Amino acid sequence: MASVEDLSARLRDFAAERDWNQFHTPKNLAMALAGEVGELLAELQWLTPEQSRSVMDDASAGPRVRAELGDVVIYLVRLADVLGVDLVVAAFDKLADSERRYPVERSQGSARKAPPTRSTG
Amino acid sequence: MASVEDLSARLRDFAAERDWNQFHTPKNLAMALAGEVGELLAELQWLTPEQSRSVMDDASAGPRVRAELGDVVIYLVRLADVLGVDLVVAAFDKLADSERRYPVERSQGSARKAPPTRSTG
Amino acid sequence: MASVEDLSARLRDFAAERDWNQFHTPKNLAMALAGEVGELLAELQWLTPEQSRSVMDDASAGPRVRAELGDVVIYLVRLADVLGVDLVVAAFDKLADSERRYPVERSQGSARKAPPTRSTG
Amino acid sequence: MASVEDLSARLRDFAAERDWNQFHTPKNLAMALAGEVGELLAELQWLTPEQSRSVMDDASAGPRVRAELGDVVIYLVRLADVLGVDLVVAAFDKLADSERRYPVERSQGSARKAPPTRSTG
């Protein structure tokens, strides 16, 4: 089964073969990531939240959403590789913070207690 | 070693325990993802591309960048879980497209041939 | 009454007085703009579309949304000044395109005919 | 000379004539704004900061950047109209804050003192 590590290695080769490492600075890759996330938003912007739950069932929009997610992952994994960050470990560390800040018993179904709109990084 | 699947499962539990699935529509999660990517951009916006290459060596900015990446991964993995998309497979599929569109011999070190600014998704 | 031109001039002075023009490249300013838009999204991400219609009535969120809009305008106006683009004229030109592409009689209340998810540049 | 108010009024008519107000919630418009900012980033992502300073001189990229700026303005002005926020006043208020936080004498040409990466909104 393909892993993030496999993807990261193949993206590294892809860039090296084309001599694109010169363009793959963290700054540039973060911009590319944001551009792809913008395209993902565009697919969902006119849908209601409920409609968005079934977007993958749409024969036209579904594949587009999947392709945009693929693009997002590509730039995110490439960015993390260039920075030397293990994405999954970074996410688990951040999640551990959230588990402390949002104790189950005090965070029941409240929009106020929904994930903070700004990370405390 | 922790995998994307492990993370996805733990995020699913995290949301369910807090009764937050009601907020976790693809539309909302895509917005949260974009918000976190915005915070990541903010860490890199005043750096030169070259400075951004060594941002992880900065005792102050490095951990912030890593934390923002963690947040990005959290919302991306949660979004993919809600949509039923395998992120790594979606990325490999998209990469196969790019390999066809950017043949090695015709894409040498040219900014023009750098990854397209818009996916053809 | 304060105009975009007044704001643009004052932002120019603000940057010059602090010797910040060196940081105010279009690339950097576009990143800063995107970062501020990310903060705006974060204010709206957990609201339903209907709830978002009355966000300005919320004593806590309303001023935050207004402040984020102010930040977005600041970087957008600064970016346009550095690029030498008249924002209002550029918007009118783009709107004229949309009026041609979305004739009134064929665009009635249909999500399909809602503004395109990708500009045609 | 065309003003933001003129543009706002024409966008209001444009939406009303097509019965699109139903889609123009602040949440949806903020997503559309972010999508357009993403397209703007995509135009600049592989350029160096210096190259980005002359992007408007490029016969191909220049008009695209201008068109993306037009799209950004359209959604930003529409969003502000729906929220009832005066964009220019909101920006001047935010700028007054920044003038207090970044006194001229203590903010000379220092990246550290560059505009904060997070608004204190």
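General observations
Note that the chains take the letters A, B, C and D in the order they are written out, and that residue 1 is the start of every chain.
By definition in this document, contacts are C-beta pairs under 8 Å (C-beta built on N, C-alpha and C of every residue); 3 or more make two chains touch, one makes a residue touch a chain.
Just so it is clear, the model here is predicted, and its values are computed rather than measured.
Counting hops only between chains that touch, chain B reaches chain C in a minimum of 1.
With each centre defined as the average position of its C-alpha atoms, the distance from chain A to chain B rounds to 3 Å.
For the pair chain A and chain C, the distance between mean C-alpha positions equals 24 Å.
The set of chain A residues touching two or more other chains comprises 23, 27-28, 30-32, 34-39, 41-42, 44-49, 111, 114-115, 117-118. Chain contacts in this assembly form a complete graph, since each chain touches every other chain. Chain D meets chain C in the complex at residues 2-4, 6-7, 10-11, 14, 17-20, 22-23, 25-28, 30-41, 44, 47-50, 52-53, 55-56, 63-74, 76-77, 79-80, 82-85, 87-95, 98-99, 102, 104, 107-109, 111, 113-115, 117-119, 121. Of all residues in chain B, those touching chain D in their complex are 27, 30-31, 34, 39, 42-43, 45-49, 111, 114-115, 117-118.
Touching chain C in their complex are the following residues of chain B: 23, 28, 31-32, 34-39, 41-42, 44-46, 118.
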